[in-house]
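Lettered A, B, C and D in written order, each chain numbered from 1.
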Amino acid sequence: MKRIPLAYWFLLPAAVSIILFYVLPVILTFVFSFTSMASDTGIYGNHYVYSKNAIRALEKSTLNRDIFKKIIERKYVFDSESLKIISQSKIEKKTQTEIEETLPGTVYSTEKALFEALDKLKNKPRSFRDKKIISRATIRSLNGEEFIEISEMRVAFEKLQIEVGEEDFDLITEVTNTSWHWTTKNYREVFSNPDSWRIFKNTGLYVTLTLGLFNVGCALIIALLTFYMSLGQSKFFRSLWLIPRISPSVLYVLLWRDLMDHSGFISYVMGYFGVAPTNWMGEFPWVTIIVINGFVGASMGMIIFSSAMQAIPKSLLYAASVDGAYMWQQIRRIILPQIRWPILFIASYQTLSLLTSFEYIQLSTDGGPARDTEVWALHAFHTALSNYWGNLRYGFGATLSVVLVVIGIIASITYLKLFKFQVLLQEPPIEN
Amino acid sequence: MEKHNSNRISTIILFVLSLPLFILYFFFFLDVFTVPSTDSIWPESFTLVHWRFLTETLSGKPSIWITTLNTLIFSGCVVAIVLVLSSTAGYALSRLKMPYRSQLLGTLLLLHSFPSVSLLIAIFIILQMIGLYDSLVGVIIIKASLELPFGIWIMKGFYDTVPWEIEMSGVQDGASRFTVWYKLILPQIYPGLAALSIFSFISSWGEYVLPFVLAPSAEQQTLSVYLAGLLSETTAVDYGLLKAVGLFYMLPVMIFYIFTHEKLMNIYGGGGGSKG
Amino acid sequence: MKIILKKFSKNFGQVEVIKDMDLEIESGEMVALLGPSGCGKTTTLFAICGIHNITSGQILFGDRVINNVPTQERNVGVVFQNYALYPHLTIYENIAFPLRIRKMEKSEIDQLVQEYSEMVGISNLLSRRPMHLSGGQQQRVALVRALIRKPNVLLMDEPLANLDAALRLRMRSEIRRIQQETGITAILVTHDQVEAMSMSDRIAIMNDGKIQQISTPTEMYSDPKNTFVAGFIGNPPISFYNGVLQKNYFVGTAMKFELSEATLSNGIQEEQKLEIGVRPEYVHPNFGDEVEGKILFIEPQGRETLYDIELDDGQVIRSIQMGSQQYQMGERIQWGMDHKNILVFDENGENIFSKLYGTSPKL
Amino acid sequence: MKVKYFLSFFPIIIYSITFAYARDVEIGFWTKNDPIDYRNGSIKMAVMILNEELKIEGADVQVVAKIRSWDGGKAWSNLKQAYSLAMEAGTGPTIILSGHEDIAVWGNSGLIQPIDELLDLDTWPMSNIVESLWGPMSWNGKIWAVPQDAEARLLFFWNKHLAKIGYSESDLEALPDKIASGSYTLYDVLKDAQKMQDQGVVQKGFGFYPRPKKGGDYWQFYRAFDGDMQDSATGKLVLDKQALLAYYQFFHDAVYKYEVTSKNHIGTSWSNWHAAVTSGKAGIWHGGTWQRAEWVDMIGFHSFNENVGFGLMPAGKSGFKPTTLTHPLAYMISRNNDELSQLAARIIAIATEPRINSLHAIKSSHLGITKVQDAQEFYKNNQWPSDTSSLLENAFSLPNNTSFGQYDIAVWNGLTAVWSGRLTPQESVDYITKELNATMGGKVIIK
């Protein structure tokens, strides 16, 4: 009997969750990117509707005219079949009886005419609902009908004695189907839309500047400065810089908004210099999104760099100060070279984080004005999940994500190469 | 002398750099306890009215306490799952012999480049299939799964620093690999577990999009959703209230941080896979 | 328990680390695996204790093949270079750990821990944690932890490398004492020849994944199998000198002397390339006059003085002489060698005698 | 105190206490949360009445309303997104009250069902609903929803400021009519706003103070230049390049020529915007009728009537007509089993009763949806603005089309590009045309 190695047991739970709730969604997203899925097509299943638009499309199509006529022809017929359905319904017995006595054989061309005829009965149907039941039972048309299954539609065709060839039938199902279909249009749209390139450039600028100025730059400065401070002081400043990270994003952005608004602190201070109060966030949208993201993003680097600096053997620093190195030289010659791996790690990790993050931008400028600060992830979010007028384009949103993922993968692979990834992974010496 | 001077300079530089934060949070605390003035940035008077949400249920909102409990359950479960699964998987990837180990690790890192928000529709479909859409359990599982790659890498980094000899010695002493892991290795990486628990706690405590999209029922609300709901599209917003709720929301994380921040500074002990 | 390695090989991926190794260790014997780093000695040790799987061949404990017995069941005690004490456990818990794993009675554990810790004199440290112990104390704890479950074999991987010189000296005899007291079969991995020679019954010297020679320390010194062993053992090291056989004479560019009958009878051919090895103590003014050159370097060592003599062709012969320095740097001298103790190697570095008589005389 | 009373009237989830013997049927109702409207209240009331009806009818069913209101900074988006997903998962509400533009999207995906299959629209009270409101309820040959409210969007001006730049009492009185006749145009707005700024009545950038965020209101400026939005024959969207250019040019002129609107106006927070228009900081602005309720009830701007005048949105230039956008909310019924659908239809019919509808209309400054409300004393006495009919006469509504969102975003982005000065109006029109051609292909007729 072969024992299942412990490794698999250890990996299994994490693997199952990651595969099921991370990898599988990734694959599905990729699949969706080749569909026209949106909230107006629905996610599941098919739905065939002989709507006004569909019929207009059929009219213009190559569909056999006779079939087309039969499809749009609408009539309400009291034949044995419709009477049978009526007799099985909850409609009052006396109404049923009267219908069976008086109406068989009659045909009406509109629902309105049918209802008028029903209203003339002595025992007329009590409710609109009853009339509708009769209408459903007697209608002999496809015009306005809906089907969930293709088989139902075939049955309806047989009932109406419409004979359609496979080709016509395929055409009809295609035109009437309101659900999503496979398409590469999303990708074409991404590449042909002139805004894509702008948003792409925005994303690059946003990631580079935020990363350089704050997530690495500012983080490094804080880590270095606090490194040379007393314990109490350094604790205070590090804690201060962590506060934005633990502040709820809604609140955090609101605080910035207060600061930068017409009536905010900046306008107040600038008032002393004779500058009229203004909406500074609108004035400098780029500064806004970089600063807002940066003050949150710096904390991660700060923590990693600080702890990496603390891990530098003190003897190295003592040796350097014995050699008469000033603080700046110590930093340049000892600390920075010692923490180059953490720096690279933060740079790579945060590149990916920034690429996929959009929450603070959404809450502050929401990509505006005029998509000036719209980044790719936000664009995907706007497209797939947040559209003021309702139609959420899941498929196109997925396409945008796939593009982002490709960029992310290129970035990660570059960084992994820089990391000499394989070197990090020695084989475990315990071999069983 | 020299040291004293440079210390003062760094304090000043850091102070200037941190100035926006001082201003932001100074006004934050001010606003939470005062009545704002309409024509000045300075408040009119002290008040506790913004804290009324603690004692009364706001209209159209569930009780703050139930919401807080929900959020605690949510974050607690996410942290627990992330800790358990990352510490086992991290160990497997760091220490156990298996095929495709490096590929697995590379894949984990790549997963980070997937914007979780754009996976929402797919996640929604999966949750719906297994019947966990619109339930806190579903969101917990999703959040934990999304946190896992990061957690596994962090834990792997910490495991990497434990001397192999401890492990070998345990095996020689007759312990199974599981016992070795549980009794000998796990205690060596408590700092890692602490750091990871802080990160995943902060992350899940602040999570907004997942509970909002995947568990929209009011009964399942977390504090982040509660807080965001205080904003309004067009009508005037009670900002004092919103900020008070925001402070209330931050308190548990602050407390958590006070108790664990020493550990946070040890994160590089594990290095998060970034050993040079 | 007798330990036997038969045709044992170990590959890491494509790299062949150990090739067809044969080794037999008698019950109660202490064998040192000696060699430069990377020679495969630790790999051998890990294969015996089961941390590494073996690629081919067999390992036997007694007459039981243990190739596929999991590490946990081999009952091997290991002392690691860094001792690998469990930092979060007290000394008592560290020592008791293997017993607890075996689900031994608590009272029994108590008794054993007491007994063993007394044996190495650490019974007063039981409640402390490893980081509060000195290197020597940690070493003892590691030893006791390895011994307490009465292992089939005790493996020690550079056990003294992390100790200071004085402590190292003391622990050498201490470990040897305990090993002999308990009568356990032991394998010592070390790169330090003094350690190997002073602690073990036999030494297996390894290079490039092969055992070069296995014999008692004395034999290893006086009758090395090849130039590697000759060069590795002995401090200050042996000197080598190249030449050819010409009419019963060993002829180098700057030295020439007649070879003994015994040497010549080993079938060496005229004009065959030879290499002689001479240990420093066999080079002395009293032995003759074939070593002619000038003193290049002098290293006074107190009781002895070491001289490096540069011959006229640039090759160096080393001499060690009792007493303080009697010659000057650069002084031209004409000394001799003790011909009985000159080792002669063929062009492959094999000792010409050993090749004739088989391997180490003892086996 | 009155506000507070009503606030306590709107818990998010209301489990009505019903009778132990009847079978409870849960009917979910979702809409946007708004403390100053009466949407949840209307449904609650309708459910109460329906339950009484059911008891009298002897039905064994009682309805429990499960009301969920969506809030947050993007409440409408949140509601729509949540509804789309919840319906796919089968956990959506039975009734959804949302903007009429959702009809096309949800009708196409089959999330909602045509209302004319469930309700006889020729019966009371549907038969009394203003005819023009049925247009926005229709899509693809069917009627999908019952209107819940109607409003108009207006141009507001601060009377005293106009007086300071030379308007006499009678001029002020005549202004709404001048707007309605088309002789006071959008460019007159800019000129008056400029005068206010020049004379120091208002600060620079506050002369003309438009809506600070994206919204349907901006389509009024396109319509003011006679722009068409939908092809009546095919239902396709239409983009009139000339009207679009004039629309963009107008805002370009407002910002850069007359300098009566600031460059970074878009993105001003709602609270600041409300503060500016209710304090006289802003001279002329535009908004919706319902905003009056927010100003008076929530901000406490009780002197609204004395200070603020209003009229239709003026024509773009002479020769064109004034406009106003009405954006009725629509009761839609999710695709569901017959029993739920029938009960939901009855609830909607009851909630449409003029008396119940008036509660919402008056409380939130919306317009009534039925004709008889004019004859109802409570409505007539409290209605604002008093002259409803002329407003709805000129009103247009947004087209029901599944691609409207995409089209709307493109046009909005074009406007903000002009506003921020990144593109000239002509460049922006060209850009939008190019983008719409690339992304929407044949779905938009560009002329």
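Just so it is clear, a residue touches a chain if its C-beta (ideal position, glycine included) is under 8 Å from a C-beta of that chain, and two chains touch if they have at least 3 such contacts.
For clarity, every value in this text was computed on a predicted model and none was experimentally measured.
K.L.:
From subunit D, which chain is the farthest off, judged by mean CA positions?
P.N.:
That would be chain C.
K.L.:
Could you see whether B-D or A-D has the larger number of C-beta contact pairs?
P.N.:
When the contacts at B-D and A-D are counted, A-D has more.
K.L.:
Approximately how many whole Å separate the CA-defined centres of subunit B and subunit D?
P.N.:
The separation of the two C-alpha centroids amounts to 40 Å.
K.L.:
Could you tell me the distance, in whole angstrom, between the mean C-alpha positions of subunit A and subunit D?
P.N.:
Spacing between the chain centres: roughly 27 Å.
K.L.:
Take the average of all CA coordinates in subunit A, do the same for subunit C, and state the distance between these two points in whole angstrom.
P.N.:
Distance between chain centres, rounded to whole Å: 67 Å.
K.L.:
I'd like to verify one number: the distance from the centre of subunit C to the centre of subunit D, where each centre is the average of its C-alpha atoms, in whole angstrom.
P.N.:
Centre separation, subunit C to subunit D: 92 Å.
K.L.:
Could you tell me which residues belong to subunit C and also touch two or more other chains?
P.N.:
46, 50-51, 71
K.L.:
What are the residues of subunit B that contact at least two other chains?
P.N.:
Expected reply: 168, 171, 176, 213, 228, 231, 239.
K.L.:
Please set out, as single numbers or ranges, the residues of subunit D touching at least two other chains.
P.N.:
73-74, 76, 81, 88
K.L.:
Note which residues of subunit B are touching subunit C in the complex, please.
P.N.:
163, 165-166, 168-176, 179, 183-184, 187-188
K.L.:
Taking the complex as given, what residues does subunit B use to touch subunit A?
P.N.:
Result: residues 2-3, 6-7, 10-11, 13-14, 17-18, 20-25, 27-28, 31, 41, 81, 84-86, 88-89, 91-98, 101-102, 105-106, 108-123, 125-126, 141-142, 144-146, 148-149, 152, 164, 167-168, 171, 176-178, 181, 202, 205-206, 208-209, 213, 223-224, 227-228, 231, 239, 242-243, 246, 249-250, 253-254, 257, 261, 264-269, 271-276 of subunit B touch subunit A.
K.L.:
Could you please specify the touching residues of subunit C with respect to subunit B in the complex?
P.N.:
46, 49-51, 71-73, 75-78, 80-84, 86-88, 97-98, 101-102, 145-146, 149
K.L.:
Note which residues of subunit B are touching subunit D in the complex, please.
P.N.:
38, 59-62, 124, 128, 133-134, 212-213, 216-219, 228-237, 239
K.L.:
Quick check: in the complex, which residue numbers of subunit D touch subunit B?
P.N.:
Of all residues in subunit D, those touching subunit B are 7-8, 10-13, 32-36, 68-69, 71-76, 78, 81-82, 85-86, 88-89, 91, 270-271, 274-275, 291, 294, 298-299.
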